[in-house]
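Presented sequentially are two complexes of chain A, the first with chain B as partner and the second with chain C.
This part shows the complex of A and B:
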């Protein structure tokens, strides 16, 4: 087997040596990078450029050649508001409703999810009975498809769902959870936390296990209490991992679409319509298809995500520099 | 030596296959969606066409309805669409349609399909484009058993929406049914009632408009909030997502369900002996008309096909009276073919209740308002349907007042019309 590989390598070696002589050793690196660069350019960089170009064109035509250039008009439409806090005062009110829904959703979902993930990770890091089983239980929802998650909860929460059947049985009486805007939003946050917290719990658990035991032993010898140990040792040493979790959860939160779209369709009204659903509906589901407006909205979201990523880098560097 | 002979034989075989290939098959792709068994029936009928046209292979690609709505327009714009398709955005895709005029007997088509031909025409493209295979009309299904149990008289022909609302509320109260009324969450479905309340849908210049929509909007929002309408249908969804209340009606939870003729098969199959149901004509409104909304689907060819003549022949084959009559009977749809309609259709496998329902829908066609016919053929109707659903839903859940919702609807429409070709 080894001899076959070395024979093949000898065959490959000949043109490689020739190529190296021709290009020089520094330029040869580009030859190896080229396939990846082509793929990256074609499937990542080019779509971004196209997105920028589409955002500056109008009409409902698909082909760029049929779309007139309209400058920053799409951005103007999205940002035309007399009061950004009141979507009703905005020309594209549905965009701002989606923006505010997303901000509220991300704030609540990330806050609750990171808090619960930390709590769960701390508990699962202790020497409790059936620890492996509980770790699997918390991670299991992560393995489910977002549409499956949405359907399971829809069956539970709909008017004639499992929860209402139970409430009827207890005599409390059912409630139309998905028709009330506040309840639909609250359940959306809950479902999203339920579906994703296992993933973040796993990361935090790995972070907890990386903290050296001797630090805790020293704390015990110094008679530090459990809360003080957690606050003074666990949290500071876990902060780099927490930062990663926080930024990942924030970015994922802003990108929320599939499970909530399948769960509520964005309703009641626009109560659970988030920014990605707005983009999808403008560009693909609505009539006419406003690709330009959708592209402009997606660039604004991309801008927000870039800011979040830069904030992560800044915070990370700050924590490394002390 | 033997290896060489084998290689030569293989090469000769391959070359023969390549040489023969062009004369063997002219492959025609037909993108089709089914409400019931339509694609299956067309596939069967087109087998006869293939038998009569040697070398033609019609492949029926059965796709979900969503693919017709969302993927087909993009494929057509990119020049990668099928040769023909079953569509519902009749006027909206006109720019891509193959004009069948040179290939068909236009006198026969005019005599057979009358006004429905106009639904496929837009602006100066006034040719022959679509074969309306599936004529539908919106209208109410009523749970007659609940009326009987409640001892309430069912409103008769010419009854108004308000009379129906009052009667169904009484029935729901007496029988403890969950909802007196329900209407599908669709801009198309509320168009008939809205016209009955005075919606004009067009301005003086023939552009789409929500002029006169307010009285219906106010009434509809009020009914959703006072429990007359099943609020779940409109309020538990977002965007312009379609939702129906068929399952609630089948479960006996709704007294009066406003949907359309395409639901007859489903009611027939799923209600069974559970209760007596019947179709009544669309109620009348304060503005006068007792109008439902026509609609349906049709088969069109596309200009980008490499085989325009064959595509036109296929559509013309499906348009012939005997073939059309068979398809109508087997798919249990209302015929748009005037000859087939006047001869009457014996729907295959339909129960007496379904047969009566289809006849009731067919007879209600004469009450359809001209505005409704015009709206169905309007190229911007999909945009208007979506706007109607989104803004009415926002008014129902209280995000906007009815006045604000209608102002926003008018703004959305002018923005949509400005962006459309």
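This part shows the complex of A and C:
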């Protein structure tokens, strides 16, 4: 393998030397950038432009030349609601159900996850033995694939699964968890927290370890209690990292799809259908394929993500400066 | 971000024996350790349960309440019978305590033989019999994956995508990072902004046009359709650029004095010197690609092109009751990642903390 790579590199050197003679050293930089820029152009920037075109054209044909211009009517369909708080009053009720599900999901998931990540990071930052081991315990699920996460928990939660066996034994009695809309939603939040909290714990722990020791020593000199120290020293000094974590978690939360799709398939009914699943189903899974509607919905999500990403860049800069 | 690897790491033994200066544990220490142990249970427990379950045979999987370890009924060889017979122990009657093999069973009655006397068939009621069980690993759950499903095909698809995409990504991103860190040229800042700009365009929001482009390039239902679109990543460029900036320009200038071409400088000097950063990116790329789901789901629609993740997801729908195969397949899917984790967890931790894991 390595010898193949190095001979390829030797062959590439020949045209690169020719280009270097032709362009000079500094302009050669563009040659090094070229593959990356082509890929970005083709698979990131061009799609953004085409997304706008798709959102303003109709029919189920994927080829742009066969798609008639219909103006903003896709957005009209999506936004046609007499009461935005009530999906039943909307023309595209499934979109609004997905939107509200996503909002609820993100609020709960991010809140619970950041809370537990902070708690775990604070505990790991104490004078704990085997910290490296415990850190990787919490981090381990982050590496699991979404489908694997979903199947692990489906197996535990199934009607005759181990959780129901335990509840039977305690006398509470089993339950068909994923058939009930509220429970399916709650478990979706749970597995999502389970799978991702290790990642945020890691970032928060790094933030905690960056707080200088002498600040705490000063607090001990002033006889500040543990809780007071935490509230008055740890939290304020950690707040830039917290901000990064919150925004990152929000960005990822809005895009939640994989593990929940494999876990519940969006059901029961539409109880755990989130916005990316709505886009996937409109554009790729259902018939007819409503590419225009999917693209319009994508643009709305993209708008939210752009705001969040700008917030992330801003938060990152603050955490580096602060 | 702070350097995570510098945090002290003590082994399990050290954890159990050492007292590290303090005589008594404060109550908050007890609470902390309690929380961490609960963490072990919650984080590892489900995975351990999955692995143990994957070794249970169908009867054991159907059992409620389930048992922790995989048990299976034992069988005995009896002269005169081609197949081994299910082993039972007689609980009452003349033969109480005797080990017998069951030859037939119907409607509450069973016909059994004592191994010592294989010709005499004895009739008993089934409540007089208790199955003899022992711990047994049902490896057939795994072997039937290869016999009944195209498992190797899915495994190969996943491996091919992961390896090719990682190599391509490392090459393309390190070239760009080299250009952005080691050359002064007009438009450099514009390019940097452009790269930051792509942070705002995750695949999830451009699915429809991406699908068109990939189809137009003839990569629909081809593994390349999964490999190429994700090859350039802003995270990769930034991670490598950050590292390459720290390589002193004097080394490059010395090589230029020796008439080395720019390509040679890149390939023979800068890339080897950036090995730690490249290793981190490689691990991240392997993880992302192996676990990738949504985009392959859209591009690969024919079964023979499925990755492991797609196969798992589609089989869980088709084989609602075939938990034995499904569990074994899940274990095999998480195995490579678990191996990567065990050997490289230190790098993963630093890598993720330094990139923000995008």
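Heads up, the rule we're going with is that the second predicted complex is superposed on the first by the 270 of 322 C-alpha atoms of A that agree within 3 Å, B and C clash if a C-alpha of one lies under 4 Å from a C-alpha of the other, contacts with A are read in each partner's own complex, and residues count from 1 in each chain.
One rule holds for everything that comes next: contacts are C-beta pairs under 8 Å (C-beta built on N, C-alpha and C of every residue); 3 or more make two chains touch, one makes a residue touch a chain.
What you see is a predicted model, and the numbers here were worked out from it, not measured in a lab.
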Subject >> Partner chain(s) touched by A:50 [first = chain B, second = chain C, both, neither] >> reply: second
Original post:
Looking at the overlay, does A:284 come into contact with chain B only (first), chain C only (second), both, or neither?
Top reply: both
Original post:
Of the partners chain B and chain C, which touch A:235 in the superposed model: first, second, both, neither?
Top reply: neither
**OP:** Once the structures are superposed on A, label A:93 by its partner contacts, choosing first (chain B), second (chain C), both or neither.
**Re:** first
Original post:
Touching A:64 in the superposition: chain B (first), chain C (second), both, neither?
Top reply: second
Subject >> Touched partner set for A:176, first chain B, second chain C, both or neither >> reply: first
Original post:
Does chain B (first) or chain C (second) touch A:271, or do both, or does neither?
Top reply: first
**OP:** Report the partner of chain A that touches more of its residues: chain B or chain C.
**Re:** C
**OP:** Please work out whether A:305 is in contact with chain B alone, chain C alone, both, or neither, and reply first, second, both or neither.
**Re:** second
Original post:
Which residues form the common part of the chain A surface touched by chain B and by chain C?
Top reply: 62-63, 265, 284
Original post:
Touching chain C in the complex: which residues of chain A?
Top reply: 5, 9, 12-13, 16-17, 20, 25-30, 32-33, 35-37, 39-40, 42-51, 53-54, 62-64, 119-120, 123-124, 126-148, 151-156, 160-162, 165, 168-169, 194, 198-199, 202-203, 205-207, 209-210, 226, 244, 248, 255, 257-258, 261-262, 265, 276, 279-280, 283-284, 291, 294-295, 298-299, 301-302, 305-306, 309-310, 313, 316
Subject >> Complex contact set, residues of chain B against chain A >> reply: 70, 73-74, 77-78, 89, 92, 231-232, 235-241, 243, 382-383, 385-386, 390, 393-394, 396-400, 404, 408, 411, 416, 419-421
Original post:
For the complex, which residues does chain A have touching chain B?
Top reply: 58-63, 88, 91, 93-94, 97, 158-159, 176, 178-179, 181, 184, 264-273, 277, 281, 284-290
Original post:
So in the complex, which bits of chain C are touching chain A?
Top reply: 1-2, 4, 7-12, 14-15, 18, 20, 22, 28-29, 32-33, 35-36, 39-40, 42-44, 46-47, 49-50, 53, 62, 64-66, 167, 171-173, 175-176, 178-180, 183-185, 188, 191, 194-202, 204-213, 215, 228-232, 237, 261-264, 266-267, 287, 290-291, 293-294, 297-298, 309, 312-313, 316-317, 323, 326-327, 330, 333-334, 337-338, 340-341, 345, 348-349, 352-353, 356-357
